[in-house]
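In what follows, structures are represented as structure tokens.
Consider the two complexes below, in which subunit A is the common component and subunit B and subunit C are the respective partners.
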Partner chain A sequence: MTWAPFLALSFEAFGSLDFWIGAMTLAGIYAIFTLGLQLNVGFTGVINFGQAGFMAIGAYTMGILVADVGLSLWLALPIATLVTMAAGLLIGLPSLRLRADYFAIVTIAFSEIIRYVAQNARGLTGGNQGLLGFDSQWIDVSNAVQDGLAPVGLEDQFLAPLLIVTWLTLLVLATALRYLQGTPWGRVLRAVREDEDAVRALGKNAFAYKLQSIAIAAALGAVAGYFLALNLAFLNPNSFEPLYTFIGYAILILGGLASFFGVIVGSVVVYTLLEATRFLELPLSASQVAALRFVVVGLVLILLVAFRPQGIFGKRQEMVLGD
Partner chain B sequence: MEAEASPAQPGALGRREGRASLRTTMSANPGLVAAGIVLAIAVALIATQGLQPVAQTGLNGLISGSYFALGAVGLTLVYGTLKLVNFAHGDLLTFGAYTAFVANITLGLPILLAVLAAIVVTAALGVFTERVMWRPMRAKGAGLLQLLLMTLGLAFVIRYAIQFVAGTAPRTLDVDVTSSVGFLGLRIGQTQLVVMLAGFAVLIGVGVMLRSTSLGRQMRALSDNFDLAEVSGIDTDRVVMATWIFAAGLAGLAGVLYTSSIGTMTPNLGFFLLLTLFAAVILGGIGNAYGALAGGVLLGLAQEWSTLLVDARWKLAVGFLVLILVLIVRPQGLFGRKERL
Partner chain C sequence: MTEPLLEVSDVAKQFGGIRAVDGASFDVERGSITALIGPNGAGKTTLFNIVTGFERGDRGTIVLDGERIDRRPPHTIARRRMVRTFQITKALSAMPVIDNMALAAPDQPGEHLTGLLLRAPVARRREKEVRERAHELLEVFGLSDKAEEYAGTLSGGQRKLLELARALMVEPRLVLLDEPMAGVNPSLGRRLLDHMHELCERDGVTFLFIEHDMDVVMAHSDKVVVMAQGATIASGPPAQVRSDQAVIDAYLGAQVKA
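Our next item is the complex of A and B:
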């Protein structure tokens, strides 16, 4: 074996539109996903390790309502969002009163159980075979949008409509959260992060604020789940491994705590890199390349957290890390 | 440290005081209450399902309980001593199992030496992470989120490095997984019997060591109150190191026992077990070593008994159910104290 192929990185991929549309769609989806984590971790000081579980609940509820129950997609979306928010409240009620590390443990356990249910309740979710047939109404819309893209020469790009809708949603949500951050509600949230006892002393119900924060994060996870479902066109339990929550944390730390727009930049960086590694020509099997990617994700997470915990755009004074 | 004192006698009191003192008795003797609940569940199950299946699943529960307890005790000691919620602990089990595989299959060593290798090498990995990651981070005064994310990153690195080298195909150790022994109408695999006996022997050893040796007492003291232990003149550095050796070594052993009992190993086995280990730790009271031992065994029983009522593939969900129930009913766990919450 020579070392030449090991280093042969083909840069052709970066010139192709397919690559960028695929990678940026994922970046948009996981940016929405991570906005929820940012609200919890960066603005409320609640360590939510179960975001992939909320994503799964949203996506599967939507998929089941459309494919099995026969509801319209447009009706299923708000219902699934409410269901996911209810799940967020349910998980928060017994655990948010306890210390932060309990909440981290409970949420990761919760997200594993959701994935476990998706895997084993085969009658409902299709198990590992996956759940299909929930996206016909979206495809109608997508085709219409795609035809409308003819003047800019994107009519061949099947995923372009999803990319556009994902990013529009992302920008609307990030702007809305940015706005909320300045409202009295947002200020109380940050006060909860800084000093819960002080907030309670002022007569605010800190617990209720934390619950609201979790419910909104759950809803954001659900929205990201819908786009992921439409992107894949089928739902599989493996798309909701806790791994994705931690990629979310890598995005969060990279973009900086307490910055909603940092999340977007972080997500673009992480997903450009993750997708680009698919084009590395290494003398390794596909499963080894996949394993190597996640070794690198782990190492990056460790090094970032150890040496630059405020991320690229984070402000030191907004840090909650130094407890 | 333990809540074994003051056995009040509700029977000797009037009915109204009896009620109040029953509550105090219950919270003063959580171990007794837990034993009572387990007994009640066992009786109810025997009444509805018959004695033989309950005894058989109970036996299976003790087998898995033995390695749950060994995994959980390390997790809880590291938490108690260093306030580190180690999400990489499950992957230490995986690391132990694969170390045994390398020793046993790749190098062709006998299984006993392979087990020893798993314990030693995993303990070394624990010490390595302490030196390279946790001690420097403690010195920097790292916060909770930082430490949590670093343990997660470490979990990724260990698990996927193993997957990189060994692949995802299931591997087996050179142990006898087919022959079984029968007694009193119950059947147990020969290897499983060895796993259970070895597991409980080590568990008892760990319990005695924590209770009666100077090192064990110091470990519990650190776990109880680090600063107080330090000003009492305990060499905390040495005890922290011992805790890592202990926790990681037992995790390595638990990984081998799990693999021998189940028959196969895959790189995600530890992460799979982590949820159960956390449930055992919280059930026993986070940071409490005896609690983790008891919690592990109880979870093994709960999971196996649940198979009498629901399909076996829901076994893992039982751990989660226990976790949530404990948090609602008694968030400090069986042996924990409320002020720690």
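Our next item is the complex of A and C:
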């Protein structure tokens, strides 16, 4: 074996604006997605493996309301968010009393049920053909923003408006969540993470807090789902495979538990890696390259867990002390 | 005499074929210190769990200050100012000591999302009060210098103190302590007992505690309730219970008369 193929590696992609706009849009979307996981796992001690399912419910509800029902996109967004939160409550009510690991199993099953419904309820979701035609109102806005970007020379980047809106939303949400963590409400959540019985013994309804945590995470999943839908311009069940929940967990571990800004950095790292490996010029087939992307992310995770188990921004003490 | 603060009548609980609690009845008088004793496996902790709502009894009634509380969830019972500690301390390890304390305070609108949104100034004012009270209590319990440290860094004895201090943040009328002295060194234990007496005498807080150390029980309680095999077999002042034949039998085994 020679090193030649590796020398043929091209770093051209890193210099192109297209690459960064595409990768950072995805990073923003999955950072919003993972903020929900962080709230559940890092701050409430609830293991949610169903985040892709909530993302699907939000995205499809929005898509169906606009494309099939004919609602305005701006009306469909809040309705779809409420529907997704209701789904979060629905899954949480019977199953949040289960121990953490059993709850995790319930949520992954739930998210797969959602995906199979999306795949098979063809009249409603278009099945594997996909759902189209929900983004015309967004495209109007996007075009206006794009024209406004002419002074900075971004008028050729049709994805730039989505990138900007995604990141503004992400920063607002992360800041809001961080504020909430500093409130007495956030303190009860963290206490639930530490010991539910102690919380109940002190007069707090631990169950209600876990439900709120799931409902908010579901809403964050839905918001990420809207941006994903606008990014792809069509909805397909494959976008909501459990794989994406696990990419969310990779982001979570990389960024560090119990840090919302860690999520943002984690997502930037993971999506830079995932997107950059697309451009590797190796003597491999397309499917091998696709697999290699995850090998690279996996290697980074292994190195991280070995040398910095708390992640980039996590607090080591909180890991060690969590009995 | 006024009615008791806590009245437990004929409570029973069966786990599969085991009758963990089988006909337990006793009263806790207002402003008293009552000890609950009995051999290992007598059902003391299970009874505690039932009284505080962590387990549901199969039968019997529990009345707190004239109000039925059996079949209520633990958090609503705690809000009636009856608070418990656990045999194995439940310090919230990855949270600072001060947050452990502040968490326990009642009537904080900032603990609810609606309260945060609509009553933010009230929540902020309350938080200030809560923190002051927390620092006062930490001072009393000699944990002031640990306020900002993670609770997980405390020693076993300090955790017991923290748990009692935290329970007091609830502004309780009745405190249930499950083996407060277990694993605590004698001087810390002495301090814990002093605090208990002081709170009882000065603030009228009522205590019910499970304890195995007979010297502690005899010296520090107004009343002793004895459990054996799930049932309460005796109750009364320490001196009287000590000479009760049923109690002696339960602890030492009944003498087989030839």
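Note that the second predicted complex is superposed on the first by the 299 of 323 C-alpha atoms of A that agree within 3 Å, B and C clash if a C-alpha of one lies under 4 Å from a C-alpha of the other, contacts with A are read in each partner's own complex, and residues count from 1 in each chain.
Basically, contacts are C-beta pairs under 8 Å (C-beta built on N, C-alpha and C of every residue); 3 or more make two chains touch, one makes a residue touch a chain.
Given the structure is predicted, the values throughout are model-derived calculations rather than measurements.
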*Based on the superposed arrangement, let me know which partner A:175 touches: subunit B (first), subunit C (second), both, or neither?*
neither
*Determine, for the superposed model, which of the two partners subunit B and subunit C contacts more residues of subunit A.*
B
*Would you check which partner chain A:191 touches, where first means subunit B only, second means subunit C only, and both and neither mean what they say?*
second
*Touching A:287 in the superposition: subunit B (first), subunit C (second), both, neither?*
first
*Using the touch definition from the top, say if A:204 reaches subunit B (first), subunit C (second), both or neither.*
second
*First (subunit B), second (subunit C), both or neither touched by A:212*: second
_Contact-wise, after the overlay, does A:143 reach subunit B, subunit C, both or neither (first, second, both, neither)?_
neither
*Should A:128 be classified as contacting the first partner (subunit B), the second (subunit C), both, or neither?*
neither
_Applying the document's definition of touch, where does A:105 land relative to subunit B and subunit C: first, second, both, or neither?_
first
*Which subunit A residues contact subunit B in one complex and subunit C in the other?*
320-323
_Show me the residue ranges of subunit C that touch subunit A in the complex, using the header's touch definition._
52, 54, 73-76, 78-79, 83-86, 90-95, 99-100, 102-104, 106, 108, 110-113, 116, 123, 127, 150-153, 166-167, 169-170
*Could you pull out which subunit B residues touch subunit A in their complex?*
85, 87, 133, 136-137, 141-146, 148-150, 152-157, 159-161, 163-164, 167-168, 271, 275, 278-279, 282, 286, 313-314, 316-317, 319-320, 323-324, 327-328, 331, 341
*For subunit A, which residues count as touching subunit B in their complex?*
41, 47, 49, 94-95, 97-102, 104-106, 108-110, 112-113, 116-117, 120, 242-243, 246, 249, 253, 287-288, 291-295, 297-302, 305-306, 309, 320-323
*Note which residues of subunit A are touching subunit C in the complex, please.*
180, 183-185, 187-188, 190-191, 193-195, 197-206, 212, 317-323
